[in-house]
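Each of the two complexes below includes chain A, the first together with chain B, the second together with chain C.
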Partner chain A sequence: MQSFLEIFDIYLLEAVINGILFGGVLALLALGLNLIFGVIDVTWICYAELVMIGMYGMYYLVSVFHVSYWIAAPLCILLVAGMGALLHILVIQPLLSAPPINQLLATGGVLFFLQSLATVAFGIDFRNLGIQLPVLALGEMHFSYSRLLSFAAALVGMVAVYVFMKRSYTGIAIRAIAQDRQIMALMGVDARRIYIVTSALGGALAGLAACLLVLQYDVHPFVGLSFGPITFLICVLGGLGNFVGGFVASFVFAEIISLGGLFSDLEWGYVLAFGFFILMMFVRPGGLLARRQ
Partner chain B sequence: MSRTNLSGARLLPWLVGAVLIALPFANRDPYHLHLLILILIWSFAYTSWSMMGRFGLVSLGHGGFMGVGAYVTALLWNHAGLTPWLGIPISLACAGLLAVIVGYPCFRFRITGHYFVLVTLALSGIVLQVITASRDYTGGSLGFSPNRVPGNSLWALQFEDKRTWYLIALAIWAVGLLIWRTVDRSMDRYALEAISEDEDAAAAAGVNVTWEKLKITVISALMTAFAGALYCQYQMFITPDTVSGISVSLQMVFAVIVGGVYVALGPTVGAVITILLAEALRIGFGTKAVGWDNLIYGLLLVLFIIFLPKGILGSTLARFQARR
Partner chain C sequence: MRMGGLGRAFAGALAMGAALGLAMAAQAQDKKFKIGVIFDLTGPLAGGGSELQYLGVKIMNDYFIKQGPIEGYTIEAVYADAQSKPDIAINEAVRLMEQEKVDMVAGIYSSAQCVPIASRVEQAKKFLWLTTCISTGVVEDKHYKYVFRPQASGQQYGLTTTDMVANIAKPNFGKEPKDMRVAIIHEDGAYGVDVARGNEMGAKKAGMNIVLKEGYSATAPDLSALVTKLKRARPDVVFHTGYNPDISLLLRQSREQGFKTGGIIGQGAGYGVYEKLADSLGGHAQYFFNTDPVSIWLANPKAIDPKLQPIVKMVGEEFDKAKPGQTIRSAHVGIGASNMYVFFTQVLPVAIKKYGGVDAEALRKAALDVDIPEGGTMLGFGVKFAPTESPIAGQNERSYPVVIQYVDDKPYVVWPKSLAQRDVVLPWPAGMTYSYK
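Take a look at the complex of A and B:
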């Protein structure tokens, strides 16, 4: 009995730490979505599909064209950033004065489009990079280096965005526009340009997430569905547009999924997370960090 | 002149109805009937989405309701031997309960617009996860077939004859349109339109916002679940991806927007267009067509929202009325 408890505790600890590591990547995705929502007031339903395209980009660069991972990653981030800007110019810009629901549904069309484009272009086979990173054994616990690397890179990415937003002129303009759309145009900020820069930045975050996720998961056209919905839940739980809330909610969700997966299937972890989400909507409808009304 | 016009307009639905009822006896081609049945069932599902969608309550959770309707009915039949006559009401109750559980906090705490879409989006994702996760009972992503009963059976709601199914689907489609019209002519419509314009003003004018929204959501969810159960009984094979999940929800949005959200027959027009498009691609390109239909849907959805947000039927009717 005693030994059973000890083993159990180690698994529990391992699941907790893996949850934290998983949370890092989720936080990256949530940050990208929140950024776009906070500044442009648009939700990209197809955000996870941008990640999927990025993952395919990584797969082709690394496995087919034999580019080194470290060169492929920046290329891939640029690619997805470009797609983000393109998405804004082609789809969102013509709809900026339309009802917000229309913008959201249009990105839903883009979701369909990207998924089928990947099906048509790349087929429905599961693909992976074939890079096997070693596993770190810490006592009885095992952590894959890919997770550790993802976590570290996600943190670096988030700090980079933070510094950019705080220090650069463009970053300040982005934050200002998020606060007041009308006034900033009068202050001489070109809203059009800021929107495109923000979209590209959101895309770049999706690209970074793609480079990290491709180390852990196989790529297939529907891979976006496995973490897209959870990212939306995180953003709503943290409060759409609330960066800190999204950050906290990412780790809360990752822990629930990881611990739920420990006791049962991973899918039930997701179901548990959804149950928790509904509960939190009763308790804190405005988001985790919102002040109670 | 105007009197004959009026009686003509009154007669037209009855005439169309008679033609539709007579159709399977004139054309017995099973493939044509199959297409018509699918169009009618999906028209009913799309109509039930538009019940909410026309009031600005955009839900991406309808894939979830449809999945509940289909899977609960089929699971009760296979594992408990419960006839669909009881299974369908139970599955409807489950879908209604789900709608209340998700809808009530949303409406009570003023979760609207983006938030509502994302919450419902998560709902359809989660129903898909539950179906996939309980693979011991549901067969997971490999799909699920209700147990066959030889021949025609009213008890099992299984019919070999496509004509029977056509008439059932036709009747249910007509009932769907009737519900649409009842809501359209009720006070609830004005209340919901006021809510979609300005919630605070509507509440100040004495509209019970939470109750009105919840009512239309539950009606819409029940109809969608019913469509799911019907689809399952007809096709006798369901997979999580064909009756639940985000892609089914988006498919509903697409069809309704293409047809027209604000007109009764808009969803039907959308169903005709989407199903014929998918079939044409399938026949034209065979297995190479995998993915192409959704590719075109996605592209069209974006183009329609940008250039023709009222949909094909809606825009045509608007132009027709403007000319008169």
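Take a look at the complex of A and C:
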């Protein structure tokens, strides 16, 4: 009994809080992907690769061209937003009426294209900004400011997207077009423009994630492999297109990984998280916050 | 002037002889020895050390291609990119053997690729020369006939590291080995698991207290739970085996979570790429360790065959041309280069001259004949392969790694004691980010 109680120490609390902070990173990544799927009904398999390009943008601006981080960040957000719009115009738009598998394969192709392009353009080296943010120490517990920043950005991003979708004309049009793609065109909404705006917004969120992830991870052409699959699973777990669901799923997933990894092997944390995902696909196939059908 | 019958016969014979000579010369020129080289040139493993190993192998291949035919055989090399994926590596090995018709396969960085490739190449009865991957599982209890590895094994890495810590426990930590708290953490592929097994065997043998032993995926996006467990375990020393970017992530999260210890001892792969290691630590990797075969530029020149010095110099010059401005010449390059040099000078000529060709059987017999004493390779160790009936058939029984410590941006051999260039700085001094002092 005593050995059982020994696990309830300060480190358990640290793991819980680190789980929440990691959840913030995942939530930030899931936000843009969810937006795209919810509106355009297309899954950008290459979403994490857009983040990777944004991270390279940050690296070159800050470390090579010595641009201030705070100036580089909005530039990168704009860059990835532009890439998101371009992705829609060049790849998605011609395939909008094609079977979903074609769209999936096309964005999968973009994934490999971007990875290869980055390998050729930037090389295989691991790069980092060299910025070491301070650490928040609370007794025996220590927390990274870069993670706290990601958590805050995810929270603000989530609220901002929510308000934008609920209050602005474009947001309402985006939601309307997500409900019925055909009928909105008859009501005078320029569906093409809305799609491009949404794609740019999704790209901007990927850019925002890139600006914060570059403080925590090395940049290399394959950095997307660490995040792409997990982000996609979180969006599905939360219900594709459901922002709040994706947000909640990020924290649930991160806590399972963190606490599972603390009480057992780290790998078991991931096994438990993926096991939970499979179970939920049977119990709540529409996502964690979907209404029971 | 008319030529007589005898003269015509003589001229005819001369012409025939010349034609035959030309034909033979042409045949000799046609003799090719084709090597298929597999490394990861893209994907996460490329920057973790694989590309540097490739560079070492390529420098040596190019050197021998430039030198001209070996015993009448022209050398040709074909390079394949495994893309950091075992399935691609296997496909490339099969392609090299079946389509490119290579006479042998060489290279391979990742142990996760080595294990299945060794099995496929053996099935195809081709010759495999493993320059780099270290997992003991590649050869252990396999009794392969055509798989040879001059490189040290993963368990040797683990044992060398623990041997150092066990020996310095009392003088440096003021503790008996049995009072030392050690943590073993590793990436969960064949490489990390094998080195960790060596760590565990060595730690248990020395009676050390293993407070944590855990594997993780090299592509895991978060290692904070592992760092929390390390904090809870409070080890005196951490034995770490990883690729990259997991090493960077672990060190970054360790710093952010305030993990303190006596020292972190890295074992190969990402710890052998000093520039990247230093970069991830904010510019310097002061007092960090790496267990690996000695860098050919660090090996004691007096203990190495003097004939090898011009080759060491040549490899260094080629490295500088390929990677200008590097603080430290990577040990990875020397490993690839030295192990290929052994093949070109000790195996291939013997296979052709003594065993009549370059087929797998001739190469195998020649490899088993190799008997290089200590000091006979650029890496310092000798070469003698375990015979087929041995549980580690094909493994070089004379290879060993050393422990290197980075001090003021320079690498120094600190273990084994007989090769040490300076004393071990462990536990890490006060003031270091990770030091518990």
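Basically, the second predicted complex is superposed on the first by the 277 of 293 C-alpha atoms of A that agree within 3 Å, B and C clash if a C-alpha of one lies under 4 Å from a C-alpha of the other, contacts with A are read in each partner's own complex, and residues count from 1 in each chain.
One rule holds in what follows: contacts are C-beta pairs under 8 Å (C-beta built on N, C-alpha and C of every residue); 3 or more make two chains touch, one makes a residue touch a chain.
Since the model is a prediction, treat every value here as computed from it, not as a measurement.
In the model built by aligning both structures on chain A, chain B clashes with chain C.
Of the two partner chains, chain B is the only one that A:I278 touches; chain C does not reach it.
By the document's definition of touching, of the two partners only chain B reaches A:V236; chain C does not.
Contact with both chain B and chain C is seen for A:L225 once the two complexes are overlaid on the shared chain.
In the overlay built on the shared chain, the residue A:I101 is in contact with chain B alone; chain C does not reach it. In the superposed model, A:I45 lies in contact with chain B only, and not with chain C. In the superposed model, A:L111 makes contact with chain B only, not with chain C. Using the contact criterion defined above for the overlaid structures, shared-chain residue A:F126 touches chain C, although it does not reach chain B. By the touch criterion defined above, A:V91 reaches chain B but does not reach chain C. Once the two complexes are laid over each other on the shared chain, residue contacts for A:F37 go to chain B alone; chain C is not touched.
Stretch 134-142 is the one among 134-142, 170-178, 188-196 or 260-268 where chain B clashes with chain C after the superposition on chain A. On chain A, the surface touched by chain B in one complex and the surface touched by chain C in the other have residues 116, 119, 124, 221, 225, 230, 265, 267, 270 in common. Contact residues on chain A toward chain B in their complex (touch as defined above): 37, 43, 45, 91, 94-95, 98-102, 104-106, 108-117, 119-120, 124, 221, 225, 228-230, 232-233, 235-236, 240, 265, 267-268, 270-271, 274, 277-278, 281-282, 285-286.
The touching residues of chain C, when paired with chain A in their complex, are 41-44, 46-48, 51, 84, 188, 214-217, 219-226, 228-229, 231-232, 244-245, 248-249, 252-253, 255-258, 276, 279-280, 282-283.
Against chain C, the residues of chain A that register as touching in their complex are 9, 11, 14-15, 18, 22, 25, 116, 119, 124-128, 130, 132, 135, 137, 140, 142-144, 146-147, 216-218, 220-223, 225-227, 230, 254, 257-262, 265-267, 269-270. Within the complex, the chain B residues that touch chain A are 56, 58, 60, 101-102, 105-106, 109-111, 113-115, 117-119, 121-123, 125-126, 128-130, 132-133, 245-247, 250, 253-254, 257, 290-295, 297-302, 305-306, 309.
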